[in-house]
């Protein structure tokens, strides 16, 4: 495992390998999104209770899943940065932060829009939305910390530590917010859950979730490539590559 | 199966579902365009630097 | 052993040397409470309802603003690297620093709380749990704040960065502490919430020192 | 001092970058008890960074630093016991008096407090002992900081420009301490622009970090 990580982590090989991967990622993301939308918006029957407003679920729920999934991937690569000191893992953490923030923001907005017909107001301090909001602040903290430090290697380590501190705290925040919201509004308020998911709705949901994951890796790899370009500007392997 | 009018009207929730997906599309596009634009800038500046080096060497 | 007590004693002597600075967190805390009351111009019932929130947020912000003198002066005059590299456990040194900071700026806030509770019409039945929750909660705030400070110590323009990094992690403490106070104010038993706060304190005591030492080395390196 | 008690500090392929530009690469040297290493190089060539790497304040990008054949990252605290690091900053509390500062140094190093009076005499700080360091001159504050050399039992000294801000008497005093330390088989790594007039004979190494002249004369 370690040998693989080191071998894969040298900028030239990463740049070349990922360049081949990008087109496949882009195409499969697009196809999956189109498939998910077609299934979710066109084919799936309206829900007997919420009518068609539940269709927002196909973007809200995958985005909410992504906000946590991306954080977990960042925590793993932060550990790789701090333990095995692989520079690229640091670039990957910093490349993932904006994507994670965007999905968290997307989950918040679509959650609020979905809640409007149900609760009559644009924002309700519902447990899930509050946790998403706090997660968004943590993502913003990560981006702000990274921008505040000039030395990229120092920034990677500082951000890595902060991400790991966050990983310990996120479950605590999540459960205390859940607990807080039950006593705050009482359990009567219908949670932001889709109807009992049966087969025709599960397919678009999973399709969109997979599409978002591929999208995340697509964007993260592109951002890491940009960092490699800026770090290795005057390196010969890059010049030769660009001449081709 | 729904035809076009039903799709847009979305059982009365059209003006909730479509803005949500619109924002979703905007966020995804933003995340794609920014790195692409940066990559272009980076490549341009590197190639320019190469020309300058080549000019100084000759 | 006396190296740890020595640094605690040294810090308390230093705090004593500029005693005027000791009152700043207090004045800030009292000022904040009055601002809230004046701004909301709430009826007494409403005020007594939100008073525990005002007191807790006030204590939280006062602790956040005073976290700077935990390492800042040691960092600037160079004694931070001396006690970090001294032949003593760095994690214990950090704990002693946080303890001295808490004694200097956390404890006075707790001592003034009863007075503020009076002017905010806080239901007195909940006073002892309020003080207890502050006694358990504010050390957690200082410990977590120490991580944020250690991370941003070397940065020049880190103004709003420290609160932005640290406040999200204060939320669980705020939720359980505030709820403990509300329940006890209405006559209930808040031992469950207080034990939750204690659990957070134990978690903070075990995990933060190692992290702070690592972050201090990042800032000093 | 039998051979096995001889301390040794080995550095292999040490390289370090700061603010995204490499300061030095593939630095190799080893230092034993009774030897002194002088780190030279113009400003910004990474002298201070190298010293911080050697005392474990900063972890290297590549390469290893071994003390008695063990990596200093793994040793951590045991390595700190062996080490005294003096940086540009004095590490002296301005609000405390010279005596109180020295007392806190003693407590930090686990030394008995009786040494303080003796050291105050040696560092010629006796009549300033009870004035708060805020009112002492830069040179006197530097002497209070350098009092650590007499108080700390650590065999290894890592000194970053110790002679700055000192008058002639102070410079002579520190040079004497350096010689004494070498005779007692201590190990010194020092960066300084002053001529330390240590004759080239005894184990003296120089490293010049300015990129073009990266040589190490053992």
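Some observations on this one:
As written, the chain order gives the labels A, B, C and D, with residue 1 at the start of each chain.
Note that in this section a contact is a pair of C-beta atoms (placed from the backbone, for glycine too) under 8 Å apart; a residue touches a chain by one contact, two chains touch by 3 or more.
No experiment lies behind these values; they were computed from the predicted model shown.
The chain with its Cα centre farthest from the Cα centre of chain C is B. Inter-chain centre distance (chain B to chain D, centres taken as mean C-alpha positions): 55 Å. Centroids built from CA atoms put chain B at 17 Å from chain A. The distance from the centre of chain B to the centre of chain C, each centre being the mean of the chain's C-alpha atoms, comes to 44 Å.
The centroid of the Cα atoms in chain C and the matching centroid in chain D are 37 Å apart.
Residue positions of chain D touching 2 or more other chains, listed in rising order: 59.
Residue positions of chain C touching 2 or more other chains, listed in rising order: 221.
Listed by chain label, the pairs that touch are A-B, A-C, A-D, C-D.
The touching residues of chain B, counted against chain A in their complex, run 1-2, 7, 10-13, 16-17, 19-21, 23-24, 27-28, 30-32, 34-36, 38-39, 42-43, 45-47, 49-50. Within the complex formed with chain D, the residues of chain A that make contact are 85, 150-153, 231. Per the touch definition, chain D reaches chain C in the complex via residues 52, 55-59, 77, 80-81, 83, 85, 87-96, 100, 104-105, 107-110, 145, 148, 154. Within the complex, the chain A residues that touch chain C are 134, 137-138, 140-141, 144-145, 148-149, 154, 157-158, 161-162, 165-166, 168-169, 172-173, 176-177, 179-180, 183. Residues 17-20, 59, 61 of chain D are the ones touching chain A in the complex.
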